[in-house]
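All chains are identified by letter, namely A, B, C and D, in their written order; residue positions are counted from 1 within each chain.
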């Protein structure tokens, strides 16, 4: 189902070498996803563009290159890799990439946050949207859910991987540390948790709101393998980082990718600030944002 | 109010040197407290002797030597050091030391866990027992409360200290890590949290139930000053350790004392096992336990 | 019929913010805590004016509740601020033990309650918080109806000793109660006198109840409207007194019909004066994304729904 | 009058343990999770027989609920086990979002509910869990009355798709329902037919209701006794049917009278058939330490209290 089938991909950072993924296509997709994000939130004047834009490369890499996914969606997800979004507020990027990876019609992005829509403000299973396996939005719960799915994979002798994404501010929630402690203690080594380290949360930079110190040291003290992905907005770097993470699975430890991103990436006035965490652009701002990201694969 | 007034104490590990505390009296008190613990839980055939016995030296040191306390109890606790028990199940040792430090009549230990008593199974403010400032029992909440009290001390320009105790298994609760992160971020340096590192919890040794790895590394990664107190059942070592902790306050970091103790300490058949976490001795076992701890200061 | 006029739509959370700003000036013991939602809770002014009394706890609501409990020791009056879901369900056990059972003087101030939170959807739209908080012994539970009342309630709860849950919302709604009102905890306010039916409404539904009463009046039905801003302790007397006169009751709340105000009223009546009752409330479903108005409409939480319920309950007398 | 005999006192939690042991043998999809209370929850057998399907999560209930939700993806049927307080209030938001709203097939099994937990005292004695769980859309809420019924319910919920809250207790109580019963979720069981009053009881209060009915019978009052093991979905029909005949009702539960079974019944009656009702329940207080019997007595949760309530409610007809 990926536009760039896995078999044709160069798996960076591992011994398996296959063909080079069509990076130029993926770069086009990234720009198109940015447009989708802006247009979704603009239309309903609500939603979360900042974190979504910062994680665009990650989602594209994950769904187009990294994950071994099936063509059709089944809740049980047997025999494929699964992804869980813990920081559910960045639904715009999730929806765009899901739609553009074939899970549901791209035009449905038009219904984002509207009443009676399957595209709820925060992702939910409740409306039956393909691609979503658990609701999120209330922060701090996704890693636990991902661990459960990973343990079921082990019980089922299914050697596919579980991926999860969470925010950096989100890691202030204690449930994460319960989960982080548990995963190490139980050697959940089919799990890759990426942290969107954009250094921002709602009330300001994470360092001002509640300085979290050295995240790498924290995860390591909790027994995880940590991979630092310093340029989370460089597609190649993201693919490499996630492949490195993959190569660290199966070694008795859960794997954490600390992915440094720029909040609002790709729209200059949204970048490097928490201001656009949960605010939609007005008409004029939308125009500027779209101009900076010209249509590539076709708007919905 | 301490039996051994602070002014007469040698403050180990600090520059202030005063008189030597009457260690032999305190050793007698420790034995008497052990008897109180055994007799309390035996009488009602319920309660938690294991953790209580392991923390006897700590409570005696804290209330008799370390804390700067007032003679009468006031909820507001202005102008004195305060203590919060997070692992509320070890109420028997708390009650015994409170009573024997003058907070309420020693005979009241007779009412432990009985209906209409002020000595509830887990400590509570609800019945107005002097010495208790917050309820505990549901684990994981005490460090947060202690932080709040510490911040109020700062607001009130009251330079007294806040002490708290929690269990090692208790640290599996995520709320603790929220609190630990917050305390470092906000430089709560008038707070000393001791962890009862007995390596046991209800279902077995902590290392089997949910291995917690290196606690020192965890606290340090979370930005705390960590003091390892390797013999938490040696009174002198405990006094020294807590004094060292005291000397580390006021330096911009919260202070953690990792206190290694022996669960069930002082009653041979209760030692080094989780079996007596929450089980009372029968008549015969009580006799053996009491014989190993002959009456010193007088039973209630 | 009394006439109530909207002096201009305002959000109830701004009433909270204004009250907190005032408390900052008048009561040095008041401290405020927030879990990374300072702007949404309208706490910016307090933060700016009293940085030393403002505590940012980050995204860690359980810790916030514990810290607030601890801060009362030494005489502070902590006001915690976050969304209603994260003020209640997320931290129920922490409130239970460290605040309610410990009788700590903490004011839990909760915005974005109910479906009118809007587009964020069900994960954020708690419809159970009244029920959650009312079950806690010693907790006072308040749900205010407009900006002015929310401001007055914010000032009042600072004077009341003991734990309080103050619930308010996100959208701009009619502001119709008086600016200089005295907020009496636990005292129902009868907004309209009537003989045919009693409407007991709370929060955003109070204005809707007034609108309903006007329409009903035009069709010859005289409705008594009670603004029951305090759900606990509940003003049983006011309710029973009115119901004895009218013989039927409609309760209206932005909450699940299970566990909320409606069930509290049903219980009081079952104990003292069994009476036909209809429930304007959500019908045991989660909410969803949409505008506040769309959601009020879809989930039957407006004047129209109240009118329908009134007709039904009068038919059952 | 039907005669019920106690086949020997047993704890309901052991009924759960026995059910789980059986499920371990018969249903390979069943997995069990526990938060450091394996013995208290009687999960040792399952753990010993199926170590690979038993998950010890330590003292981290929030994480346990999330893991359970995740485990359903791929077809497992997780049974979580801890005390009732830590199964509900401690993890309300986790259950709400990751289990109830996400419609995950998790069975939340909760022991030590209510004051009969005994000596540990109020921090452990939750009296609000029925209310907490009943407010969650999609949640099935069950409170069983004895060992046999708890075992039967444990087996039944494994067959039911969707989130379930199963509440049971610590003390040894009369075991009087049949060993080979078929547990029907949502179907009230009428234990005694009667004409003067309906007693709707759940959990440990069912046996007390039967005792009360016997005593009442001796004094010429014929009580209908309904074992309402499922509080949600509530068997409205059974309740209304009985109340139409008797004209009054007493509800009996080991729970706060706010938010629990009693208020659910009051609501159903207010909507369909207003009727005098009395509430045998705790009266909005926390519990305390004591023996189960002492506490049942002090907090008015026994046959005696039911009899008193019956006399009162009959007088109100």
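By our rule, a residue touches a chain if its C-beta (ideal position, glycine included) is under 8 Å from a C-beta of that chain, and two chains touch if they have at least 3 such contacts.
None of these values were measured; they are calculated from a predicted model.
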Steps needed, at minimum, to go from chain A to chain B via contacts: 1
Of all other chains, the one whose Cα centre sits farthest from chain C: B
Cα-centroid distance, chain A relative to chain C, in whole angstrom: 37
Mean-CA-position distance for chain C and chain B (Å): 41
Sequence positions of chain D contacting 2 or more other chains: 57-58, 60, 62-63, 85-86, 90, 93, 96-97, 101, 122-123, 286
For chain B, residues contacting two or more additional chains: 124, 126, 135-138, 140, 172-175, 178, 181-182, 185, 210
Category of the chain touch graph - line, ring, star, complete, other: complete
Complex contact set, residues of chain A against chain B: 172-178, 181-182, 184-185, 210-214, 217-218, 220-223
Touching residues (chain side chain D, partner chain B) in the complex: 34, 36-40, 56-60, 62-63, 85-86, 90, 118-124, 286, 288-291, 294-295, 298
Sites on chain A touched by chain C in the complex: 44, 46-47, 88, 113-117, 119-122, 124, 126-127, 135-140, 169-170, 172-174, 201-203, 209-210
For the chain D and chain C complex, residues of the former touching the latter: 85-86, 88-90, 92-93, 96-97, 101, 122-123, 127-128, 131-132, 134-137, 232, 256-259, 262-267, 269-271, 274-279, 284-286
Complex contact set, residues of chain B against chain C: 75-78, 82, 84, 124-126, 133-138, 140-153, 155-156, 158, 174-175, 178-179, 181-182, 185-186
